[in-house]
Amino acid sequence: MPFSSQRKWIVAPLGVGALGLLIYAGSPQSGAQRTGEDARAQVSPVFTPAHRGVLDAIRDFFNRQPVPVQPIAFTHKVHLANGMQCTDCHTTVETGPVAGIPSVELCMTCHQTIAADKLEIKKIAAYQARGEDIPWQRVYAYSPTVHVKFNHAPHIRAGVDCAHCHGNMTQQTVAVRAVDLNMGYCVSCHRQKKASLDCITCHF
Amino acid sequence: MKAVYGLYSDPERAQRAADSLRAAGIPDRDITVISGEPLEEFEFGRRDHRTPMPWLAALGGVLGGGSGYLLSSLTQRAYPIPTGGMPIVAQWTNGIVTYELTMLGAILMTLVTLLITAGIPDWRAQLYDPAVSDGYILIGVINPPDDSRIEIERRLRESGTAAVKEVVLRRRFGSKLQGATG
Amino acid sequence: MEKSPNQITEDLLRPLSRTSTKFYVAVALLGAVVVAAFAAFGYQAYSGIGVSGLRRPVFWGFYITNFVFWIGISHAGTLISAILRLANATWRRPVTRCAEVITVFALSIGAMFPIIHLGRPWLAFWLIPYASERQIWPNFRSPLVWDFFAINTYLIGSVAFLTLPIIPDWALVRDKASGWRKRVYGILSLGWRGTPKQWSRLETAMHIMAIAIIPVAVSVHTIVSWDFAMAPVPMWHSTIFGPYFVAGAIFSGIAALIIAMACLRKFLHLEDYLKPVHFDNLGKLLLMMSLLWFYFVFAERLTVWYGNDPSEMAVFWTTQQGAYAPLFWTMVFCNFLLPFPILAIKRLRTITGTVIASIGVVAGMWLERFLIIVPSLSHKYMPYNWGTYRPTWVEITIMAGTFAGMALLYVLFSKAVPIISIWELKLGLQKKSGVRSQETRERRELTAGLEQKLET
Amino acid sequence: MQRRDFIKLSAITGATAALDGCGQPDVQLIRFIPEEELTPGVATWKPSICTLCPAGCGTLVKVMEGDAEVIRNGKLGLMKMGLANKVEGNPKHPVSQGKLCPRGQAMLQVTYHPDRIKHPLKRTGPRGSGQFQEISWDEAIKELVAKLQELQAAKQQASLAFLTKPLRGQGRELIERFLGAYGAPPPVMFELFDESVLRRANALSFGRPQLPTLDLARSNYVLSFGADFLGTWNSPVAQSIAYGQMRQGRPGQRGKFVMVEPRLSQTGANADEWIYARPATEGALALGLAHVIIREKLRRPEGAGRAGDLIPGWLEGREEFPPEKIEMQTGVPTATIVRLAREMATHPPAVAVAGDAPLAQTNGLRTALAVNALNALLGSVEQPGGILFTPLPKLDGTASGHENSGLEGAYPAFSRLASRILEPYGMSSGVFSGSPRNAQPPKAKPQPLKALFLYEANPALLTPADVPEILSKVPFIASFGSFVDETSVHADLILPDHSPLESWLDDIPESGTRLAVVSLAAPAVRPLHNTRAMPDTLLEIAHQLGQEVSKALPWKTYEEMLKEAYGGLWKQTSSIEATKADEFWAQIREQGGWWSSEGLAPSTRALKLEYSFGSLLKAEFYEEEHNFPFHFLPYPSQLLYDGSLAHLPWLQEAPDPLSTAMWGTWLEINPQTAARMGIAQGDLVEVTSADGKLQAPALLSPGIAPDVVAMPVGQGHNQYTRYATSRGANPVKILHPLVEHETGSLAWAATRVKISKIGEGKLALFGAELREHPQEHR
Amino acid sequence: MDPKIQNPKSKMQWAMVVDLDRCTGCEACVVACHAENNIPTVGEEQATIGRAMHWMRVERYYEGEFPDVRVKFQPVFCQQCDAAPCEPVCPTYASYHTTEGLNGQVYNRCIGTRYCANACPYNVRFFNFYNPVWEKPLHLQLNPDVSVREVGVMEKCTFCVQRIKAAEIAAKAEKRELKDGDVQPACAQSCPPKALVFGDLNDPKSEVSRLAGSNRATRLLEELGTKPSVIYLRRESWNDGKES
């Protein structure tokens, strides 16, 4: 029984593509979409896609965060070696949910005089002179889609060492993400310390 | 590897050939029978009928069900999350997963047993002739002892074959499945 | 007139070898609809499920309707085929494969809908039990997780149930084909030769699977019904739902099978294989299911009416007399009033008759799924929250895409696989003793010819 | 795919590509040094005052650090600043007592509204086109001052009008001083639902020209003639708190509440009994009740004092008002009248209150006087469980205080508006069918305006007159408001105000508490945009004008003015224990105001006004019943109030309590009426009065009388931010400008209409069914 | 209670009492809830087809015909059922029972099956059909203590869990127990007639416990066996001042 092997089959995928486009373009979507858009324009443009772009979405899906590039080559190592404490700059870590990133004013209280001739310090001074703050980049941030409401103060009160989550800062210059703060990390510590494992402790 | 075989157009002749080979002292396991359809009415078609497959399937079911139960009950304990006032390990609902995995276990075990015992998949060259697909029944002997080769050929032909062929089977993978005529 | 084995081979392999222009046109048309559906889904995933017509309080609409519908259709094949196999009904032989194919494809399509309907479909993999650093697994108390297990078990079983008997046929194609086809079918046939051991194992396996798959099939649609029955929603929370859904599933499945067979018969010229007797038999089955379905609907409605629970009565009346009544009575017409006379009167139980009845049943059963889901959701308990539902083009496109997809898969399948099991058909001939001698004679003649050829 | 979609898609891809290169776009903005010290993630609560309605509730604002885009030195950047994210009632404040109505909660959205005016604007396009260009503050003030100097030079100071929303406290003082020193007449304070009729009636009956404080918490029986006191009327938060107390706050004692009104309002919906008296016959019903009480000797008529004396024949028992006659007039059955009268008299303390629609009839004042007389007869005036009058703080120093100008509040806003702004343009002749007999129009004959200042009053929406037509004839208009609305869109110059949360605020509530209160609040957050508080702008203008004006307003900032006005309060007995002014000022900033101690004797100074009641006038309606069979009842929207809040999306989307409608207007029709006219829920209905027509979807409501159709005020803006523009219809526009006969107040409930179905309408309803399911628990 | 039910018993059982005799239907709670919980406004188009989000709503029902009409206002929000039908149906544990008797909704676990919303007899669950956006600078009003939920996620009344958590952390920092009135959800906080009272039902001295013992106490759709934590006090009729 002869099996023919003509090239007619090429028609099929091409036809699929072409007709698919035709049907998609001709489907009533254009109308429906238009009313939807008008509504957005008139009332409130409450609606956007979930992510700004496909790449954004993919990055979010795999929980990949961009590596921050700091405007100033700040060195934690030197500051800590000089006997400063974490709370000297991150002033609100014991009282509030956020550790707090110091403003340019705080830097300049010391650096008005100390090491004022260094290049990086001059950069800071320049910021202050312009009336600008240092645009520090977040290092440890939860993606908004994971809905984590982390609160520093209770952890500090419970005696969790800063280094536990932030790595040994005496060896870091600009902060780097030393610990992958995924849920497994949080949960295992909470298990060890018999802290609450209730989802709503962190996610709300 | 060599093989000698005959193609028979009807099962009666094939049966005769098989009987004849057996009479020549060739053991059943050395006689290859290939047909395009199951021929259970004939003795040669009923060989290797016994199989533990049902028992294995039952075993598969037990294994599947067990793993299903363990999966549901252990994971529920691993991170106990209460819902709807139900127990952490909810036996009624675990029953469903257990049931489904029991059946899945049985089906998969049956499938695996079938594949292993039927010797598939196996794309190596083996004794075969495409004429089987035209309704012929192949009766043959692989690696016949040299001394009895002529005798086998004779017996195959006497049983009323259209042709007796000798092939050399090359051990290789590929899609060329029937042996080359030797 | 009975066909000879070789005639059978030739007839049934013809669709694989000869490709008409009609085939390409059909593939292009159906493919286009499928592509449009994928595009619509992409649009939905990108914009949010708001582009569908879903809204409070009707959070489930067309998608879940289609899910239940397609899972129901999937009960045509494997279940019927398995029952017929176990019952050893001889007329089943030309029917089983085209039935089992429906199962596999309908099930795959149906299983896509829960993902399509998700608010965040890219996270659907959380239903799969896999170990992660979070140590949180799926909730085995959720009927949706049961669905996941049941549908996958059924799908795996059905694929095996469909594929195993195809292997000998692929081996046959391998022997008949040349070129790339030979290579492909060679791989597909897994090195099948046809030794008595292989035949015997295959048949044993098919028997075991037939036994295993029937309860799985029943459980699948029971579990699908539990998606509804587990929720305290008026007219959902019912123990009758399990058998009711299974009966409905088989009902719609048989109808789908009849339609598929009629199409195959017409387009692949299989008039000699799919005979009026098959349609007649399946028609009788359909008649029985129609009566059974009617009984279930009656029982469901009777208990609600008799119970007179106000929240249930709100749903009851909206389907009997209210906004959904036109759909309800259309459903009753399609599922009972139309098929019953056609199927009950022998003279009408022709191929055309059964096909008309079946089209009605398929449409009616789709409506039934819709009417189970939407009116209940739109009339839940507190009247302040009652609402309506209207699908959008996105849902309609995706739904059209699944019907086109089913047809497309069927067309492509019948292009790649003999749609009627050749070896089983031959086995059927062999078992008819009268044919046996005739066949032998024929073979002898053939043999003579072959011998001459070999000699030269 | 449409071209637009393609562009959109490529824009998205482009944006994505850009993002991949340089991370988040918002971190590319420069950061400014924060101007205040805040602990991130920790909330501070700062006192403020709600300015969205005249009740004057004290609020607390939750302020937390956040990143806001601001412009500093012409550069756009991010700054960490305190941002308000919740407004709640101030628990210490005597009016709000820690509670707040839905409108007050939405105050946040005023501050962060996307369409707020962000910098001074100068008109570029034609009047009303809404085309403006950004200018600097210096330019804006210079231009305004130049205009004022121009008028001074031409000796036309009197042709300046200042049209503002009702103001109290120093804001009002400031404007009055400014205008006085400049030589212009006092400001026109305009509001549609101004209740000036009731103020006037209270002045006549009790010598107190202010709205009453309802002591519901101690009442046993409340009879309301139309007053929506739980929704929008008077001081709804204070009244709701007291209502809760009346219902379930006293074990074993639950007060009864009876509502008399044509349409079941949100307040009426809570009543134990709903009584429908024909519109404008409420006064007759009140007198009928009094008649029964006097006839059955349950109270002595002399007990009503002056309030009774105002009613002719009161002491004789009002022979012309037996219940049978009242039944003829009002449609309320005699038995009901007798029963109510007996119940009221035997369940003291009982209180009657009138407000809203009954007073917005041509005989509104008489209705109010009748209800006052009933109250006085019941002995409920200045008594626990009755009506009280909030004492006013005694302010020394240079500020004239509130009390002196108290009667000003009784001056009807509409008549003031009409005489000052509409009449000079010939809008009065032929427009008004009734002339205000007892009103006191300004002495000077009004002239056409040369300049108009606007501050958050919107007569273009809220009067039936063609205000844009008039505005087009005014040579110069300046607006101090924060938003462009129908009126301020005609401005030549806009000097945008801070939002209330960004301003110094003060207020002297006229009702809602038994204490004398000065609400006072510092800015809760820093200004977001390049705006200035209206008082500060006026002070600046005064300085630049120099001479008299500058002398009358010596303060540099409004804060200074407030300090001077209220700084002396610490000497009075109050909740604040301070020994010196600074300490007092610090405490006031923390507490959100000053209030007298409990039990401070109410102000005793009562006005004596000459008044003769005459006979109870029959109300007028426009027009005859046979052509226009339905009473048309506009009413203040529970969420949008008079429409000044229609720009807040929270309020637009919150379901109306009774209709559950969102984002639109509707016409309420009784289901039987609708069935008779073939109108179904959601049908588009045309409402025609003698003065115009409008279209709205029908909403069938069992809570409305068959001969009444009702419609909320608030929508129908044609120019008011993206959320309110072109939404719904404005019922005020089809009202016939009938006025209350004796005060000249707009009788907004006296118009008659006809309705007809014209097609399919659109209704966004949150709730589906009107009726409860029998299964629901009861 | 059925001994099989294994909801963990903690000290807390948060509950709300709704006094229907006090409720005036003023909607203050509705707007307070929007402000507190970052609930998006969806616009007219979406609101018309039924996608408005009001975690807190005031249902109103008319009784009788003109002129004998009475209206019932009934605030409805998540009933935080003890045996909640929404919880077990969620395949990913996004909806679950917290240790303090709340129906937790974990947004990041939610994949959007919307099954919970179907199972909920009270229709108090709301779905983000689109991604919410606040037109600048309206986003500055957002409460930083509360997540902004994205497209495809189910949400509902949380009893202002952020306030509960904050109060708990504050109490722990001060080394004391939570006391009655420490936690006030935004709705109860705002309610002018004090129709909403929030507290711990396990504390016999709390205001909710006292009110829950009232003979007017009932629960919504109790017959479904959901064991709601919201207790409604029936509206009374005037009884001429006599004790009921």
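Lettered A, B, C, D and E in written order, each chain numbered from 1.
Please note the rule applied: a residue touches a chain if its C-beta (ideal position, glycine included) is under 8 Å from a C-beta of that chain, and two chains touch if they have at least 3 such contacts.
Fair warning: this is a prediction, and the values are worked out from it, not measured in the lab.
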For subunit B and subunit E, the contact-path distance works out to 1
Identify the chain pair with more contacting C-beta pairs: A-E or C-E. C-E
Of the other chains, whose C-alpha centre is the longest way from the centre of subunit A? B
Argmin over chains of |mean CA - global mean CA| returns E
With chain centres set to the mean of the C-alpha atoms, which chain is at the far end from subunit E? B
Between subunit A and subunit B, what's the gap in Å when you average each chain's C-alpha atoms? 57
Measuring from the mean C-alpha position of subunit B to the mean C-alpha position of subunit C, what distance in angstrom results? 29
How many angstrom lie between the CA centroids of subunit C and subunit D, rounded to a whole number? 66
Between subunit B and subunit D, what is the separation of their C-alpha centroids in Å? 90
Would you mind listing the residues of subunit B that make contact with two or more other chains? 79, 81, 83-84, 86, 90, 93
Multi-chain contacts in subunit C: which residues touch at least two other chains? 47-48, 50, 120, 134-136, 138-139, 141, 145, 176, 381-385, 387
Touching two or more other chains - residue numbers and ranges from subunit E: 41-44, 46, 57, 59-61, 85, 88, 90, 93, 96, 109, 130-131, 135, 145, 151-152, 221
Could you pull out which subunit A residues touch subunit C in their complex? 1-6, 8-9, 11-24, 27-29, 32-33, 36, 47, 49-50, 57, 61, 182-185, 187
Residues of subunit D touching subunit E in their complex? 41, 43, 64, 66, 68-69, 83-89, 98-103, 105-106, 108-109, 111-114, 220, 230-231, 236-237, 240-241, 243-245, 247-248, 252-254, 256, 264, 266-267, 269-276, 347, 528, 638-639, 649-655, 657-658, 660, 662-664, 670, 672, 701-706, 722, 727, 762-764, 766-767, 769-772, 775-778
As the complex stands, subunit E meets subunit C at residues 46, 49-51, 57, 59-61, 76, 85, 88-93, 109-115, 117-119, 121-123, 126-131, 151-154, 221, 224, 226
Complex contact set, residues of subunit C against subunit D: 309-311, 314, 381-387
If you look only at subunit E, which of its residues touch subunit A in the complex? 40-46, 93, 96, 98-100, 102, 104, 106-109, 130-135, 145-152, 158, 161-162, 165, 169, 172-173
